[in-house]
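You will see two complexes here that share subunit A, one where it goes with subunit B and one where it goes with subunit C.
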Partner chain A sequence: MSGNRTITTITCISCNNEITPRGKSFTRAITCPACKSYFRVRLSKEEKYSKFNDAFESHLPVGAKGKIEGVTYEVMGFMVKREKYSYKWREYVLFNPLQGVAFLSEYDGHWNFIKPIVGSPVDSGLKDLTFYNGQTQYRLYQKYRPRVLYAQGEFLSDEVYISEDSEVREYIAPPHLFINQTSDYKDEWMKGHYVDSAKVAQAFKLPKEKIPMKTGFGYTQPIISSFSESTLINVIVAVVLLLGGLQLFSTMDSRKKVFSHNFNKSQLTEQKMFSTETFLLEDGTKSLQIEMDAPIDNDWLYASFTLVNETDGTEHEFSKEIEYYHGVTDGESWSEGSTQADAFLSRIPEGRYHINIFPEFSLSGDYFNINVYRNEPIYSNFFLALLAIALFPIFYFVRKYYKEQQRWSDSDYSPYDTE
Partner chain B sequence: MVKNNTYSCSECQASYTIKSMNAKLLVCTKCGSVVQDLTNQKLVRKPIPDDWSYIQIGTKGIADKKQFEVIGRVKLQLFNSYKNAWYVLFEDGLTSWLMDDVGKLSIAQHATKDIEFETIYQLVPGKKVKIKNLTCSLYSMDECEQVYYEGEIGSWAYFSRGFFLAEGILSNHGTVLFFLNIPKKEIQCMDTAPITFENLNPSTILTWDEWK
Partner chain C sequence: MQWKDFKGLTWYLALCFAIISFFAYSQSVGWKWINSTKKETNRKDRNTYRFYHK
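The block that comes next holds the complex of A and B.
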């Protein structure tokens, strides 16, 4: 005894072992370290104790301290629970004098950090399976009556008795969940969220191999943990808007005709070619479009071109063919081809240029026109970029659909069940 | 012994000056003896078992924009939890209770509710009841196994074990405590309003360095 305070000691009701509980008088139930009997701390002598048939390994040692979300917690107790389908999971009771009690639960290597809350999180729309907390819809994932298979350490309430007298409902909106535990004594809500196992190991300074390996897909595990879905949508919208703005800007900087001429077969040189006059390309490196049209009728025209930079001699070669045929067959008119063609050259630097044209006329064709445009807007790049941007969300949402199906496959309340 | 509002403990001779005009009980913080008892309940000495509370007699804080000081405590050992009700004296001389419930803090005041003992006693957690124009959802019902006290204590529902403590949340987000005396079929109520840890003066609380 120290002044008006007594140091709490507990005598095991099974083996009379004297225990000084870590939780002092906050400890309301305990497993005797000597005989492993679990019993509730009570002033009367009639209390019973429980012995567990099986022993389980605690991955977080009782007494270990770890920092979670900036708060140092000590592992006070450890339980293994089971529900009717024989799913077993581990629960760790954490304590901090300022923050009170919290829990870490682990199933198949997937962890949730859970804290009690005051009152109900149901803001609106409570139905059998769903409710809204703020703007987020939570959906019932499982409902069960837990059985405690094993308990070790100390507990700030009689977890074995409470668990076995309770019905538990878990509502999820991954990575978050709400747990409602109801009994004759409590109607308690807890709020939790998924925690990566590496973070748990790091928090308690444990080597990763001491933490169970992840198996399957956790029921509150986020599809991608590094960003939220709203962030993904916001980023995509921002990138599309940026691309659209850039495209609009380049379109507004409209195309400019830099050369136009009509070439007649009779003007062909001895080399069977035309050489255009020099034209000037300005304003840095931009695209160039060469349009060719000829008044051909059931005929063709072919030409090869060489764009020559007169300053450094750089040449760009390309060729184009125009074909236009039409007629009537079995009483039905038809046509194919067209009387014009164009060539597109991207990233042509500013400078003085001319074009050498080597045409091949058919028997009926006599002339053709050439128009050269500077800074032709490139829509294909914009749509290719949009397609590339769309690939990630398409992949994400397809993957999400399959992962969600996987998530809900163990639930009796799956929204993917159509039966 | 009493002299000019100053009392001395008959067991250990510790001296106390009463701070609150509403004090009904003075329990020696040194030895746990009852120094002054106006409750007419013939209370006996019961040393308080140690715990991890960070609040102590002398802790100061602010609630409702008024400074307060903790001058006493009632500790409830419940069937499945515990609660500390710290008796606080405000700078204007009024008193109240600072409830410490496993890290959750609230300021509690005795309140009169138009509700019968049986209405709450029959209620199961999770069920609702109308109190005037508010809906109260009961979320816990726990038996009190022991009551401890120290320092200066004002009017309190029950100083001895044998009552149930029920807690409910109101539709206006306030919470309410119901003290149910089963043998006497009496009910007493307290309204509570949450406050945060930041309301307390950090230099006047226990810091428990091992959790830093």
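The block that comes next holds the complex of A and C.
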């Protein structure tokens, strides 16, 4: 075996095969393509080597080049790792001579793009389970000691030794994650984020069917990737404030009484109807509210109305009923109904109007009072608009809750009650 | 905050704009979207709820 800063070939420690490393002097460990032995690149003849019992397919071929975030990386090596629950995942070592090393890890068709960082990302609040990086809270998702089941290609560090000698902690704030790899002699951090499998296929110019199908929900997979939650919240706040302002503005333009009159049963015409005096409605198209009250007691009063536009003859028909009863049953007093009722008419154009009233009196009712108001404030539209605007955010946050539960169901550190 | 932050919410922004516009128009012309006032040609039977006063 040979290996130093100027090597052009490496001799396999097991089968003496001559290998030309892609990473040239950066290559620190390699798997012989002929005999599949994995070994460190060193001058010593005493170097140990490993052989893997299982063989796994690499979905990104060693030597393939792909552009990720504007940087062209070459796939140097491929590993399959396993942790205590026998979860297996694939890791691809990527290399760019200027940008250095990066990794793509894949589990169940979900990918993370990971790069080493200098120093610790922990800004504050480091506890066993969480820490803050800037304003973002990262939560421990998993802690494990990985075992390399298979390695192929070249590595810029002795990945098999480092992996098996390290404890790995993964902290997530989807779609981002930080990975802390610690051992007796090192404490390294890496930063990563979720990458859609279609983008991986596109980056390496591979057909989609060559990339594993997504299964389940990835542990760093964003709920929705096309917008951020903070933007959605900002939009909701702005829209609610705007709606509230419009409601306040429309309410300030308060209602005006345009007609009022008392009607007595004794004044009924032969047609059994009352006809009001003409009243004028101004200010364009507005609402109209007709309020009726009568001093009834254990009685009812019913009336049908016709609002008549005297200019064009348009008629608006409606009816109202007043019922008010009270009494005592089994020693308990009760009441039902009211001595008042109101009718609301939408979009009544300006003009001269009168109302024809066809009342039905009971035996004791004799008279009632009518008040007509122009531009009655409307509150129900505000709540309906609010509901229409809230439907999507409600759907989003409910879905998010269930997706988060699903995300954390595979973690030993779930913040959700999984009992 | 930049425009690209809103890109994925374009359809929702359009929906909000449509709702707000319709709301503003409705308020200006006094259009109550759900109006219980209706035309009845005959008086119905007693249809009130009884409340007991404790």
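To be clear about the criterion, the second predicted complex is superposed on the first by the 379 of 419 C-alpha atoms of A that agree within 3 Å, B and C clash if a C-alpha of one lies under 4 Å from a C-alpha of the other, contacts with A are read in each partner's own complex, and residues count from 1 in each chain.
Please note the rule applied: a residue touches a chain if its C-beta (ideal position, glycine included) is under 8 Å from a C-beta of that chain, and two chains touch if they have at least 3 such contacts.
Since this is a predicted model, take the numbers as computed values, not measurements.
Applying the stated contact rule after C-alpha superposition, one finds that A:248 touches neither subunit B nor subunit C.
By the touch criterion defined above, A:198 reaches neither subunit B nor subunit C.
In the superposition on chain A, contact of A:187 is made with subunit B only, not with subunit C.
Judged by the touch definition given at the top, the superposed model places A:119 against subunit B, while subunit C stays out of reach. By the touch criterion defined above, A:162 lies against subunit B but remains apart from subunit C after alignment on the C-alpha atoms of chain A. In the superposition on chain A, contact is made by A:224 with subunit C only, not with subunit B.
Among subunit B and subunit C, the chain that touches a larger number of residues in subunit A is C.
Once the two complexes are overlaid on the shared chain, A:390 sits clear of subunit B and of subunit C alike. Contact with subunit B, but none with subunit C, is seen for A:26 once the two complexes are overlaid on the shared chain.
When the two structures are aligned on the shared chain, A:234 is found in touch with subunit C, with no touch to subunit B. By the touch criterion stated above, subunit A contacts subunit B in their complex at residues 1-8, 23-26, 28, 42-43, 65, 72, 74, 95-101, 116, 118-120, 156-158, 161-162, 182-188.
Note for the complex: subunit B touches subunit A at residues 27-32, 47-54, 77, 79-82, 101-104, 124-126, 137-142, 145-146, 150, 169, 173, 175, 194, 197, 206, 208, 210-212.
The touching residues of subunit A, when paired with subunit C in their complex, are 224-228, 231-232, 234-235, 239, 242-243, 246-247, 250, 284-288, 300, 302, 304, 317-321, 323, 325, 332-337, 343-348, 360, 375-376, 378, 380-382, 384-385, 388-389, 392.
Interface residues of subunit C, counted against subunit A in their complex, comprise 1, 5-9, 12-13, 15-16, 19-20, 22-24, 26-41, 43-44, 46-54.
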